[in-house]
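Per-chain numbering from 1; labels A, B, C, D and E assigned in written order.
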Amino acid sequence: MFDGLIDLINSPHWGNTLPFIRRGLALTLYITFVGVFFGFIIGALAGFARLSKNKIIYGVATVYIELIRGTPILVQALFLYFAISQSFGINFQAVTAGIIAIAVNAGAYIAEIVRGGVESIDKGQKEAGRSIGLSSSQTMRYIIWPQAFKRMIPPLGNQFIISLKDTSIFAIISVGEVTFLLRQYVSSTAVTFEPYVMLSLAYLVITIPAMLILRAIERRLDV
Amino acid sequence: MFDGLIDLINSPHWGNTLPFIRRGLALTLYITFVGVFFGFIIGALAGFARLSKNKIIYGVATVYIELIRGTPILVQALFLYFAISQSFGINFQAVTAGIIAIAVNAGAYIAEIVRGGVESIDKGQKEAGRSIGLSSSQTMRYIIWPQAFKRMIPPLGNQFIISLKDTSIFAIISVGEVTFLLRQYVSSTAVTFEPYVMLSLAYLVITIPAMLILRAIERRLDV
Amino acid sequence: ACGDDEVTVATDTNYVPFEFMNTETGEMEGFDIDLIYEIADRVGFEINLEVVEFDGILAGMETGRYDIGIAGMTITEDRAKVFDFSDPYYDAGLVLAVRADEEEIQSIDDVDGRPVATRAATTSEDYLVENTDAEVRLFPDIVNAYQDLIAGRVDAVIYDVPNVLYYIETEALGEMKTVGDLLTGEQYGIAFPADSELRAQVNEALAEMKEDGTYGDIYEKWFGERP
Amino acid sequence: MIKVTDLHKSFGDLEVLKGINAEVQEKEVVCVIGPSGSGKSTFLRCINRLEDITSGEVVIDGESLTDPKLNINKLRSQVGMVFQHFNLFPHKTVRENITLGPIKVKDMNQEEANKLATQLLEKVGLSDKADVYPASLSGGQKQRVAIARALAMSPKVMLFDEPTSALDPELVGDVLEVMKDLAKEGMTMIVVTHEMGFAREMGDRVIFMDEGKIMEEGTPSEIFDNPQNPRTQTFLSKVL
Amino acid sequence: MIKVTDLHKSFGDLEVLKGINAEVQEKEVVCVIGPSGSGKSTFLRCINRLEDITSGEVVIDGESLTDPKLNINKLRSQVGMVFQHFNLFPHKTVRENITLGPIKVKDMNQEEANKLATQLLEKVGLSDKADVYPASLSGGQKQRVAIARALAMSPKVMLFDEPTSALDPELVGDVLEVMKDLAKEGMTMIVVTHEMGFAREMGDRVIFMDEGKIMEEGTPSEIFDNPQNPRTQTFLSKVL
């Protein structure tokens, strides 16, 4: 038992996995950042579409959001990577497919964040804006959006963390992100414990500070 | 183009995947229900621990919650099934491992739902309870919890949907849930489009009604 | 495809000794890898290597996502219906593996009703389903099946003989053994989407390599003997 | 100045205003009183079209609110509105709250707008608060900034919807003071209020509303000292 | 009945009560007035230990609140508290709101508790509301239920924290009426209020608090007609 522990501590695999962690995490972060960035653009559009009085715009956005939120991102990735390419002859590179999957997936959740953020602003703000003569779009731009965006920061940060974790499933469409590389390591060495501990740490190193920062922001916004 | 569409509609694969959908979805639902059930027990305990003034209880719960929320469920499943079994000789069967993974994972999120639900109840409720002479635990039981639980229903339902989607990754530990079976179908028939459409529908058939019900409940609670 | 065209080659995440990641360098290596790079040299294309789980390679070949698939892939009738194979380049077969201290399972006839693991979407899965009444456990990664065997969660693994032998030798000496005869004879081929122009060129290069001994050199490097 | 003719307003099936007829002269101060839910706020909100009008007509300074060619933004900028809950813009300083309208709607330049803000803040007694954010103001101060913000658009008429009812009692006085000054300067005002003292002192006319109708109107002394309508009598007996 | 000696209360660094000395006799009605933030609520909350006491002593009917052997739940059940925002239990009917305390704390049986509830609802004029949920009551009705709920524990003293300040003006009267009845029956009461009319009419004594201290106390006519302390004067000039 005690010997086992010392063996474990001295295991070479802690160090040996490090290069893979580094390389994989870089790709993980890259996909997440770029994916969430485009997800924000998609989400803002879809979020405003959900606030629209135009039934068609509202309907299209709703279908998109519900389809995405109703299915696992793994299935979305499989669909995008395999089914779409077969049926429409579009072949994304694996990393591109990963970025698209994150953007499309995060976009649906961000749409709801945007809608919720805008709706959370007290109706009185809009009325005050309109009553000094601002147009509807000026009111959105100068009054509602700046306040709404501030409130959206914590849930957006949270979506970033979710998307970061979601990239782990891209192991199955062969994106060389961190989970993929560490599984490779496990397959090649038949050692499981150390690599998976290191893999968990790789995520925690990003997510825990991110969560702490978010909580701090949230607290400041509350006051 | 048009011919292709007719071919697609007449494709035998729509029907052929059905038995797999049925069988896989049954396992998916079974794992989800049992997993979330135990997740609720874990989550309630951890949630109250997070409300505790005892530093150790609070600390243990916090570490558990943050570790789980900071890592992908895929990594947790790999860890549970491979690393733990190899290192400690605890051998879960795949389905058991899946249930445990869902329970442990959902438990961390449910803990925050429980804590949030309890904290969302106006402080005045507690004060009113205490001021008529109820003890602290009576106040929790008769005043706070019934109100908090009602508010927890929508986020709990939401967690159920998330956990349902999370089961899709259990192929990696050889659980024959619906995504796994349909991937099998794809690799043995060389057809991708129809099976993946059916797979998406399989999830939507559960998640869309669930989301609608939740929204209805939420609306009723709001009033 | 000619000149310096980039060709997307799908290979398996882990199938020793045909393809696997060298944990020192982080690069993929193995018999298949050496072979395809040599072929690429001769035919004259650049390789864009995509490392995919085995069922993903099949799905990708079927959908035309990849130009070439090389993954110790057995040539089967079913697969040949949807995509094309090169001439065979390696002879293999399936074999049953059990724990080193296993006494009850002596051959494939003893696995009925017992949990037996293999890899999803492979010929081993087909064999198990068609020829036994075993309780089949499928993993995307074959190493996980071996680990389940050693952990005692399954009683046997059935898989391609070179991989089983190589794994026993490098990772599981004294923990695993093979029992019974070779269950099937199989031949590996390189996969191409239907009607690929590359196929003829690759076949030509392959024949050349067998001719001039390059193939034998690579074979010896990975299997310790010449074909 | 303002003429309301047979104004009806429904929310879905609920008819909230059931035919209002009223006229407000220039420089007149009209106070509207009545029980909760009687439609006082809705009446005010119809006057600057924060609510669409179901039927009837509202004419402000010759312009009909139901005219499809009406530039609604321009009209609103001429009708100042002060809300019960102030509705200051929390992400803007006091000065920015005041200058936003003039700059964006009237194309005033920054400098001029700032000068205007300084003047108005002086008027409401908050010269030293130009650069703070609303969060650091007391309720009474917030409401005075809201009045300054509305005045910045040089409105022809000011609408007040219970401007003091969200304030702590000891902060009410300052706001009423500012409103009295405005009235004395000749601003046309419609004030929904529970402050009977203010209505009596400053109102040229008092309107009593109940259940979406004007039940009685008259000078403050007519209404307060000698109400004719039994509903008015009950209401006043409760609040006075 | 109640004796408060040199009561101090701090929240972190903020000292909210800076040495309060006060005594309340049986059947006495004491009204507490003072500006917002002066510590009136905190004072009340210390009396039934909803807030822990930082230093000093509060003795109720011979029992010291700081006595470690004190059964705090029993004590609280003898001190009724009525909150500004009612704090009714929204998931329980009016009757259940009233019977919960007697059943759970005093081990009364259901039948007896129901009878008690019926009596109390009659007393506060809400006999017909026993089976509705609080959400369907008006503010004034809610507050009367809250009073009934507190009375159900047969408290020795009742604390009221601005019981009418969240109410629409025309609903205030009913609540004050119930409180007056209570006072007439001889209930010992401490009432934090902005209703100067009530304080003048019903208060045996009025306490003026500012900045965590009692600045002045005396009979209503002493305080209202002839305040000695300049702070009291300023405050009264604003609210009267």
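Here is the rule we go by: a residue touches a chain if its C-beta (ideal position, glycine included) is under 8 Å from a C-beta of that chain, and two chains touch if they have at least 3 such contacts.
No experiment lies behind these values; they were computed from the predicted model shown.
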{"item": "Intersection of contact partners for chain D and chain E", "value": "none"}
{"item": "Touching both chain C and chain D (chains)", "value": "A"}
{"item": "Whole-Å gap separating chain A and chain E, where each centre is the average of the chain's CA atoms", "value": "52"}
{"item": "Inter-centroid spacing, chain E versus chain C (mean Cα positions, whole Å)", "value": "82"}
{"item": "Length of the line joining the C-alpha centres of chain B and chain E, rounded to whole Å", "value": "47"}
{"item": "Junction residues of chain A - those touching two or more other chains", "value": "82-83, 86, 171, 183, 186, 192"}
{"item": "Touching two or more other chains - residue numbers and ranges from chain E", "value": "none"}
{"item": "Where chain C touches two or more other chains at once, by residue number", "value": "59, 62-63, 140-141, 147"}
{"item": "In contact (per the touch rule at the top): chain pairs", "value": "A-B, A-C, A-D, B-C, B-E, D-E"}
{"item": "Of all residues in chain E, those that touch chain D in their complex", "value": "35-36, 168-170, 173, 194, 235, 238-239"}
{"item": "Touching residues on chain A, where the partner in the complex is chain B", "value": "66-67, 69-75, 78-79, 82-83, 86-87, 161, 165-166, 168-169, 171, 179, 183, 186, 192-193, 196-197, 199-200, 203-204, 207-208, 211"}
{"item": "Contact set on chain B toward chain C in their complex", "value": "82, 85-86, 89, 91, 93-94, 171-174, 176, 180, 183-184, 186-188, 190-192"}
{"item": "Contacting residues of chain C [partner chain B, same complex]", "value": "55, 58-59, 62-63, 78-79, 81-83, 117, 120-121, 126, 137-141, 144, 147-148, 151-153"}
{"item": "Chain B to chain E touching residues, read off their complex", "value": "122, 124-125, 127-135, 138, 142-143, 146-147, 150"}
